[in-house]
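The following pair of complexes shares a single chain, chain A, combined with chain B in the former and chain C in the latter.
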Partner chain A sequence: MSGSDVILDVRGVSKSFGGLKAVQDFSLSLSQGGLKGLIGPNGAGKTTVFNLLTGVYRPDAGTVRLGGANLVGLRPCAIAEAGMARTFQNIRLFGQLSVLDNVRLACHLRSSGTMTGAVLGSVFARGQERAMTERARELLRLFDLADREDEEARNLPYGDQRRLEIARALATGPAVLLLDEPAAGMNPQEKVELRQLIRRVRQEFKVTILLIEHDMGLVMDVCERIAVLDYGQVIAEGTPAEVQSNPRVVEAYLGEAPAEAGHA
Partner chain B sequence: MDQLLQTLKDGIAIGSLYALIALGYTMVYGILKFINFAHSDVVVLGAWLSLLFARKLEAVTGWGAPPWWAGALVLILAMAACALAGFCIERLAYKPIRGAPRLNVLITAIGVSLFLQNMGQQEWMFGTRPANIPALVNDATLFTVGRVNFTLLDAAGVGTALALMVGLEWLVFHTKIGRGMRAVSHSTATASLMGVPVNRVISTTFVIGSALAAAGGFLWALKYSQIKQTADTSWTLLGLKAFVAAVVGGIGNVRGAMLGGLAIGMLEMFGAAYLWSSMTDVYVFGLLIAVLLLRPGGILGKAVVEKV
Partner chain C sequence: MNTSAAQLRERSRALAPGVGLSLARGVAPLVACLVLAVALQIAVRPLMGDYAAKLVLDIGVAVILAVSLTIVNGFTGQFSMGHAGFLAVGGYASGAVTYYGSLKVWGSAATHGGLLSGRPMSVDPSTLPLIGSGDLLFVGALLVGGLTAAALGLIVGLPSLRLRGDYLAIVTLGFGEIVRVCIQQTGPVIRTAAEAAQVPAWKLATSVGGALGFTGIPKYTSLFWVWLIAGITIMVAYRLKRSTYGRAFLSIREDEIASEAMGVNTTRYKVWAFVISAFFAGIAGGLFAHTLGVGLSAEAAGFLKSFDIIIMVVLGGLGSVSGAALAAMVVTLLPEWLRGKHVGPVDLSQYRLVIYALALILMMIFRPKGLLGVAELWDRSLWTSLAARLKRLAGGKGGSR
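Let's turn to the complex of A and B:
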């Protein structure tokens, strides 16, 4: 991985909750267009890493650089604007908003009209609206949700909600996409489709992806590189094959559910 | 028949006024989950500023009969001034304590309310004596049904309120800022992560709510022409009723506030016309109790199921 094409560079990030060191001296770099997995047993600190990267929590120490700019201390909306988008382990759609509005809302970020412009109701703002609606519909088509655009998001089946979250994140026009357990709660068929979807998204949107996932089959299949987190620390980093044969990783997963430990 | 028509007319007139004010309560609650007790004082500010602007305009133009645009100009000025006041209140009083426990915010709101009331009583502001607003509409009877007159003033009042509500409805459901408001209302944290500038959305909410409050104050002044001092209890009652309207409709719900306002206005007028006219407040607060008992989320509100 050469230094020049590194898009996300995280160095020495730590976060404690009271006495609990949820993340310790976490470092990670993502190369432009790469797809990296972030795995680890339950409670290892994976979601906390996402929260630190997106500004939900402020790191106690360390730097997060996206395309060279340090993001530490910025508000979440500024970090989103800088090009970081995410989905949530516990789905966090705007349940009462329509499917279309969930995506359109995220399109705001990359549309040039100001919010206050809409108050004045200018013709310009109306053109903006049309452009955003168009973009949102395109995304929904790609995610196979086009025919449900008027439904309230909370009424969608679980798998659809997960895909809608990805569509919404992409609508913010990110450089880096953080997916937090996108396959959780999906049936096997949906999981197969998700693999294809992730690959497609990566190609069509030219985004760099960091993927948290417990489904080892999926992780080993789609990720080029994998970082393993245990007790808030990175204990291994490498290709799927390297990680699987790493004794520390096997040890970390001992005592985990057999299905997961078996893959790792 | 005449009485029915007259009562309907009065109900719509006062109901649309309540609705305008209720919108401010409901929008702020929807986004910040607190009751802005200073909202009714912005209504009062709107009424008094309308009076001041109207007097200035009268002095400058020296009109015998007010020109047709006088009302519109005063309304716009009052709305703009109150919008600015709302912006400042949010910035100076509420923003610094965002995230503080709810009780702190509530006490701050009461503080802002007292501040505005006492400021208004100062001689260099509005003083403590009631004042009369100059006529802003060259009133005339438009048409008569039975023995019920429909005047230009009636039409202007209801028309203004309706136009503002239609405008707000469009804003909330068909524009970027409205979508931002609905998202922030659902979850501030998630909205921020999706790039919504939360602070700007909150500011805009206060600006819009306060502008609508000013319109409410303006219409009140137009309707009753005499304006009481800023700490008068009649203002508190007006604010309370508008708040009840917001709760009855379903607090946090924009359409609910409009519906609740009309419901309260109708209830008052029908109760006064057909039952006892001295008990209008009892009907209003009786309805509040009934709604809270039977449908605590309000007419359009959804039952909130506590997540465990």
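Let's turn to the complex of A and C:
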């Protein structure tokens, strides 16, 4: 990994909630087009890392650089605009909006035009609307959700909701995609398909992916490199094989539960 | 394959419809609105009694208020409780413009309207033009009312919408009361053109009657103006809802954190919704102030009025434009219908608020989304789901037999 193709560079990020040090001195770098896993026992601070990267929380210390620009202190919407998109562990779809509208909303970020144009129904606004619809349908097709576009998002089965979250995140046109436990709640068949999907997304969208996942089979299979978090600190970093044989990692997981059954 | 601004723009150009079609679909509803409003005034109004006409007019104003509040409470899911404050501000601002404007231009506050606007019974309609010079003053005044309310909306919304949750409700509640008290502190209305000429303009703006109310405003409001503007309000709200901006509004209501993570500047859109909403409330206030038989007073800003509008929005379905309009009609007609109705010794019309409360409770139990939820009357999905429910209901009965 040469320094020049690093797209996301996180240095010394910390966050405490009252007395609880949820994340301590967290550093991580993602190389352009890479696919890295972020694993760790329950409560290790993985989701908090995502919240820090996307501006939901402001780090107490440290820097987050995306393509060179420091993101610390920006609003989440500005971070999304800078090219970071995410999914949520506890699914956060726009429940009463249709599947199509969930994805179209995410296209809004890259749209141009004015509210007046939209209200008056200008030629450009109509074209823009069609372009967004076309784009959203493309994404839904890729995620096998095309025939459910009119359904309210909250009525989708769990696995479909997880995939819709990924489609929605991609619609913002991100450079870096953060996936928070995309396989949680999926059945074995869906999990197998998810592996393919993640690989495909990475290729077709040229995005860099950071993946939180408890399903070790999936993580070890799709990720090139893995960082392990325990009590808010990175305790190991390396290839899947390296991480698996690292005694500190084994200890962190065994202290809680065997790695295979790490998560229900 | 990636969404980028340049790509979207390029596809937009490629997919854009012709100018002709755009123009037709953009303007046709406006023209239809205009034609219907003219027909209502010219052809239908003479067939109505004064009582019926006043009711239809009140419904129109209520529709504007309810639909505009839907943009905030329904679309973005923020809870504004001071809509009547904007109504009053718009009413007083536009009333001051027409009243003192008339004194300056014509030397008196008599109306100079045309066929389409309100006028005293004594005026012979055959001598009138379609649109009079007074109508132009009136339209200008309505705009002033709307813009004043919108400006206040910005001042109130900017600080409070940055904060989470209930702040807006508290701040807007206070806002309505502040407006009410401020209006009560204003000076008496200046009655003659000569006097008005000696007083600086800012002083005129604060000479709007105080606790006695603002009387003498020329009564331009007619069914034509009310329903034309109601139509425009419905159209703007519905088009906003169906646009990419409307989705941004709705996404805030659905999940603010996700909305922000998808790149929606939630503060900016909440403030926009609030300002647009205040603008139309201000215009409704202008229409209200110029209505024959209305005494404009500080009470117009009071919480009771705001509460009425909130009821309309909640009953109609949070997020439904047509639902809000429908509920505006029901809530306006209800007290009229209750008038003189007795159950034993109880006069029902005194229990209007109790009936609202009951209706709300029933709604919470049986249909928490409101009458139409986020759907519109003309959405097919609304009717198919209703049909499915009815079928299930009928089927359920059959099974238990």
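Just so we're on the same page, the second predicted complex is superposed on the first by the 251 of 264 C-alpha atoms of A that agree within 3 Å, B and C clash if a C-alpha of one lies under 4 Å from a C-alpha of the other, contacts with A are read in each partner's own complex, and residues count from 1 in each chain.
To be clear about the criterion, a residue touches a chain if its C-beta (ideal position, glycine included) is under 8 Å from a C-beta of that chain, and two chains touch if they have at least 3 such contacts.
Quantities reported herein were computed from a predicted structural model and do not represent experimental measurements.
*Asks:* Going by the contact rule set out at the top, does A:81 touch chain B (first), chain C (second), both, or neither?
*Replies:* In the superposition, A:81 contacts both chain B and chain C.
*Asks:* Considering only touches as defined above, state whether A:39 meets chain B (first), chain C (second), both or neither.
*Replies:* neither
*Asks:* Is A:53 contacted by the first partner chain B, the second partner chain C, both or neither?
*Replies:* neither
*Asks:* Could you figure out whether chain B or chain C reaches more residues of chain A?
*Replies:* Tallying touched residues of chain A, the top partner is C.
*Asks:* Touch check for A:205: first (chain B), second (chain C), both, or neither?
*Replies:* second
*Asks:* Check the residue A:130 against both partner chains and state whether it touches chain B (first), chain C (second), both, or neither.
*Replies:* second
*Asks:* Identify the partner contact of A:105: answer first if only chain B is touched, second if only chain C is, both if each is, neither if none is.
*Replies:* In the superposition, A:105 touches chain B and chain C alike.
*Asks:* Both chain B and chain C touch chain A; at which residues?
*Replies:* The overlap between the chain B and chain C interfaces on chain A comprises residues 54, 56, 75-77, 80-81, 85-86, 88, 92, 94-97, 101, 104-106, 108-109, 111, 113, 115, 118-119, 121, 125, 128-129, 132, 168-169, 172.
*Asks:* Show which residues of chain B lie in contact with chain A when the two form their complex.
*Replies:* Interface residues on the chain B side: 171, 174-180, 182-183, 186-187, 189-198, 200-201, 204, 208.
*Asks:* Please output the residues of chain C touching chain A within their complex, sorted ascending.
*Replies:* For this pair, the touching residues of chain C are 1-5, 7-9, 11-19, 22, 25-26, 236, 239-240, 243-245, 247-248, 250-251, 254-255, 257-266, 272, 319, 373-374, 381.
*Asks:* In the complex formed with chain B, which residues of chain A make contact?
*Replies:* Spelled out, the residues of chain A in touch with chain B are 54-56, 75-77, 80-81, 85-86, 88, 92, 94-97, 101, 104-106, 108-109, 111, 113, 115-119, 121, 125, 128-129, 132, 168-169, 172.
*Asks:* Under the stated contact criterion, what part of chain A meets chain C in this complex?
*Replies:* 54, 56, 75-78, 80-81, 85-86, 88, 92-97, 101, 104-113, 115, 118-132, 134-135, 138, 150, 168-173, 204-207
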